[in-house]
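Two complexes, one shared chain (chain A), two partners (chain B, chain C).
Moving on, here comes the complex of A and B:
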């Protein structure tokens, strides 16, 4: 019998978890999530087609609405079209399902395996969300480009916004947006901690998402008080913040303020994730699905 | 004394769940008021497992095997008592150093990514456990060869058969060379050949690398071929802890009679004779009609028993009579049917 104390040299490092190991495993897991998503070609194609219809519907509706009211100057019809082209894109790229994934992980026993492996489960959930976001981003970017090319004057409208904002503002806004989206969806998954019970928190999330994100109406049309309240929710950062930034509708001072507030919201949401994880894992351990 | 892989002291686990009355009214009632009940899944267990042992954890459905296995891995914490691994780890806290030394396979759960080929899950395990290329490649090659599934390495897991998938699951579980391997019904639903290959693989893994293996299974073949020690659990308690050979002696020491009589009066006479035998003859099946009577007697008394029965009812009253060795299944069934603690069947262990 071979003695365990004389096995391969790599075993010497068993008692500690090296950060390089976590980084390597995270990168590999992240790329594998993208690979897995790309295997479902027909689902992805259907998703793109559905999103294209949503783009067209939103843009046509709001263009008509703005054009029928020539007295308002807050949004020109062209600005509204741009807003919804960008909002649809940001909505689409965050269309992943990490909340339900956590539920299915529990049902299928994946969580059992995950929590007895030296690789943090919540990191996996986060990586999976980001991987899906990027996958959908790559798929939907051509739709956005087509919309901008097809609608006369839209590319100039976009360029107008770009000329106002410093180039680094949008990457910050989109990273805050993606992180807010990932964390809030993980919160939903952890609130239920079970796929069959996720619909309740998910419905609540959808209601808040529609009211506070700016996905179905331009978020800065909200009265000031409601807008200030929305800016303390993760939903605002999912769509409204990056879109308004890209359109140059937020001044530099406002951007710094919103970005700082966004970071506070992210920290608060992370704390909620940690609390819910501890609560959920206790519940999971009590029944041991 | 061997070093211990697992030491369990006064372990208990109680679940809370709720009852719901049948039907729609029950659902409405349960929506507002729930009657919580506590179910003791494991009741005060204490035993230890030495390094390198191959243990069979047996028991009927709901006996507490999987709960026990989950507490040993650290998946669920005990209600009271402790599980200490390798003399230093409290498993309920799931210390990373412990997790790196264990592996687990659950026959009805998947660890492999279903959409990707198994090689991707293997590579991820290599990255998670920090396994260098050389030992990783060597162990993977050996395992694939042993299972004869080299050609399936690059096929998405969801396209593999159940047997192939389970083989891949086992390979995944041992790639990081765990010192302790937990297997929860790994051969469930597999055909004869696949189950046999898995048994060979486990025997070889245990023999060659000295991995401690704890196996739950309902298949006697798994236990007979692999486990030198078995722990029988019923209603959350250990009802037998000893060698399989010890059980085998009990089995081999008895013969099972099956008798069919031609009439009711002969049947009754035999039943009365069994009742008056003062435990020398043990009923193994409760039969109230004249269709058949099953009982076990000491193998030394087979001739004497046949003679007594013929004298009692005469040879023409017997329609059919068979005498067989008792199978392990029969013995397990008999032990399971006893109330835990009512009869001590534990074998003294060192």
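Moving on, here comes the complex of A and C:
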């Protein structure tokens, strides 16, 4: 097997591979990932139908909660419906299993043939995740649009939020969210270099994700100290941050603060990726179990 | 015959224990996962009822938490004893491993469980959730709740029916794997649907209440047993819910049997 760079986990500094090769191979790989996902239409249909069903019930609970108390003004029932419609969309597009894929590549020894490809392994993993996000985005966006159009008052609620924020804030928030999702899952997958399986850390991550992302309750309902703690984890940026930004619930000053914190979290997560990759690839012996 | 099944069960326990405990870290991760998951769920319910002003659809905070912990106990029992087998269906069909499952001299579902494992590592979570249920029960008793033996019996009966419904919902979402080239999303679909069972039925609009009671009877998982326990439902309604739950579970087993008959052993897992 050829020598592998230990210094650069993304291997972008490797001089033996031309940039054009990396770009072409990445594009081809990316389109193949999308084709593979679309091949299994029944899986996608089951996912979309059951998620929509679950969210309808879920939204009903929160609507009832907000509507039952005329004295509270923090969330109107309609604002809560919008929150969960947007949260379900952001949850759906980041629901990929790259941590398990990376973990099984390492444990089964498949990494050995993945790393002799002419473009970096971790870039493959990243592209696979982004391909998933785009595929599910294309599938779920029409559902979100239908929900916003059909529920009376929801489009006005969305427009209200959108009119408050500068247009560039949401793209920044969603990019930070997608990158946070990809990087944390890569971290979990890379633990397979040191563990016999990553199933445990992966399920633990899911639980932490439910606790700190804002996918099962509006994240800004948390007490201030818990919310501040959540903002130092990648999970907050996966759902809560883009949704609150889009709804105009974060002021400009707060946005800058949250985005900076998000970038620090991304940098820290990238550093962990680099450390785990550098350590792991040195010990990797291409023997699968 | 009974001795044969008991021997099978004993063997399944023993193999699951030795296999699961080989990965001792699983116990720790399961414990951490379920603890955080429990906190997130309970936290969400607390925030929701708090937002509603401390009472939701005629249920107090403690009553809602009781429903939620009842739901959690059922969830942990399902994870420990049913999940391993049922959620292997998609993979088994796709990879062709269903061949040797169906060759066993057992009902296809029993054979499926016998070819899989119980999640022994999850047993501590059953205990934790059971304790939580007792805590909320004691809290309700301290606040003046009185329960008769009949209500306790009703709770046990309806909770068992709820477990059958859980199993039925899982069958409903994994069985389409027999009719598709590859369908591995059954597990996610199950988690999505059953997550609705932790709420009091009254929070849903009327049409959804009807669906969750008579079409996809997930209300029987936790809300109806709690209704019976708190004496909020009549015996006639209870009998209807029970009948629906039994019918639903029976139909889903038949659906699985139909799928198993449809299996043609030609998938490659490629």
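Keep in mind that, in the parts below, the second predicted complex is superposed on the first by the 258 of 289 C-alpha atoms of A that agree within 3 Å, B and C clash if a C-alpha of one lies under 4 Å from a C-alpha of the other, contacts with A are read in each partner's own complex, and residues count from 1 in each chain.
FYI, a contact is a pair of C-beta atoms (placed from the backbone, for glycine too) under 8 Å apart; a residue touches a chain by one contact, two chains touch by 3 or more.
No experiment lies behind these values; they were computed from the predicted model shown.
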Partner chain in contact with A:115 - chain B first, chain C second, else both or neither: first
Which of chain B and chain C A:146 touches, first, second, both or neither: neither
Which of chain B and chain C A:268 touches, first, second, both or neither: neither
Which of chain B and chain C A:138 touches, first, second, both or neither: neither
First (chain B), second (chain C), both or neither touched by A:29: first
Partner chain in contact with A:221 - chain B first, chain C second, else both or neither: second
Those residues of chain A which chain B touches in one complex and chain C touches in the other: 40
Partner chain A, residues of chain C touching it in the complex: 23, 25-26, 28-30, 32-37, 39-41, 43-44, 47-49, 51-53, 55-57, 173, 176, 179-186, 188-189, 192-193, 195-196, 199, 203-205, 208, 212
Touching residues (chain side chain A, partner chain C) in the complex: 40, 42-44, 46-47, 49-51, 53-54, 56-58, 60-62, 64-66, 68-69, 71-72, 74-75, 95, 195-197, 199-201, 203-204, 206-208, 210-211, 216-218, 221-222
Parts of chain A lying in touch with chain B, wherever the complex brings them together: 1-4, 7-11, 13-18, 21, 24-25, 28-29, 32, 35-36, 39-40, 108-110, 112-113, 115-119, 285-288
Residues of chain B touching chain A in the complex: 15-17, 51-52, 66-67, 70, 73-77, 94, 96-97, 99-102, 104, 106, 108-111, 113, 115-116, 120, 123-124, 127-132, 135, 156, 177, 179, 207-210
